[in-house]
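The structure under discussion is supplied below as structure tokens; questions concerning it will follow.
For clarity, chains are labelled A, B, C and D in written order, and residue numbers in each chain start from 1.
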């Protein structure tokens, strides 16, 4: 349901993971990596680590937001290649169920890629229970000139 | 512009900072602390650290979202005392200007405290240039029964 | 991807349209009706009428928001029956492409139905070109006690 | 807290109301007019009319969203003059308290005016009880080239 047809992603999982390792220190610090991607979508994983939990033992909200944000960044890269200066314009997250003790996967879906703005939705699920929707996010990225 | 009158906050800056140190490991790890509070508002500070930057040297979006989220948590605590199980229901952040090389302050304002939901807005500014609005967020918290 | 299994919707298209005609005068005035529904989703239609356009001849934003809001209301009703006092807590809409001169369909998908809150996403498309995503919305409803 | 200093608004209340009457038929139909404005803000009024209520006799959500949307449009016009093709990119509304039987006022505040995007927050209150916050909205507008 995107604007035009692109048959192949303009980036690979390996390129994304190198970019994260070299440029996104906070993402690395949180243990987030890219797991899969295709035209208009990206899948990123948070490896559960209790350092990043909040009271109740659940994964902290900012981790889920970081995961969603990265998933959208990746989806944009699948169409434009790695464009580091693409920046988040707005991101809204709804926290639906607590995430306890398991890795998380965030899958983005690019719904619009314009000249100036990109828009995507993201579903965050537990890696071992992919029917359990933990959080849902939507985000607009600004594309540099 | 909130529902009723409360003359004194039900928590102190010291209590919040102890709570952060003991219970919010991710917040501690990011170098975020509470700086001020009063009935219906809280001010939290991110100490600039280039580990938490993204390409361009600007503070990473997830840090701003973590800061906003904590500021709302604190605002809720000023009315209810520390209620660890109050949880974020939704949080939207608009990223307005890049934050480069300086501490950041997030100030929340509680606009509604209901029986079940609290709602607040947050302004994130640079500590040395408080007229420079870096990000603006709004968030709903669910209050436990 | 919702909390539990419900095999049949607790409401029919006819019941929704009677409810709209009798209770939702603004929805009736805008020419919005329910077209289809099933467990956890609803489809509502806006019949194009140039009275509800904005400069450029495109359908006005508030019409799209009204359409999204109603689609979520219907999705909630498919699980709970008609609960008039379920109310919108928050609704965010992203306007992706202009809608010109055609009927619009909004399809909601309930992603969480809790005891107190329901959350859904909505896609708004043109009736004659259903691959053209006009707007995307997400919304939380508060369920009465 | 906006980007630069503009001493005088580039539009008058009368010009806005002529624009509404001539170009925004849905806004006219809802009985919404501009009441006041200044650099970076606008105040718009909804005249209570029970045709636009929902069950419970409260003003319908889409009216509040239309009101917020217009208030932001006006705030943008105070800086750029009337630019009909400025369009809403995203709008999020939180519905905080029911509005019953009174006129409503929405006041916008422009927090960022960039080359491509404008961002504002909006407070909707009852005309006779301006401390009663009915809804709070935030919105991004896209500025045409």
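The rule we apply is simple: a residue touches a chain if its C-beta (ideal position, glycine included) is under 8 Å from a C-beta of that chain, and two chains touch if they have at least 3 such contacts.
Remember, it's a predicted structure, so these values are computed and weren't measured experimentally.
Using mean Cα coordinates as chain centres, the one most removed from subunit B is C. Among the pairs C-D and A-C, the greater number of C-beta contacts is found at C-D.
Here the spacing of subunit B and subunit C, counted between their Cα centres, is 33 Å. Here the CA centre of subunit C is 23 Å from the CA centre of subunit D.
For this pair, subunit A with subunit C, the centres built from the Cα atoms lie 27 Å apart.
Shown for subunit C are the residues in touch with two or more other chains, namely 89-90, 92, 94, 140. Taken as a contact graph, with one node per protein chain and an edge wherever two chains touch, the assembly is complete, since every chain touches every other chain. Looking at the complex, you find that subunit C touches subunit A at residues 1, 92, 94, 96-97, 111-112, 119, 121, 123, 131, 133, 136, 138, 140. Across the complex, subunit C is touched by residues 89-90, 92, 116-117, 140, 142 of subunit B. Those residues of subunit D that touch subunit C in the complex are listed here as 23-27, 29-30, 51-56, 60-63, 65-66, 69, 84-85, 87-95, 98.
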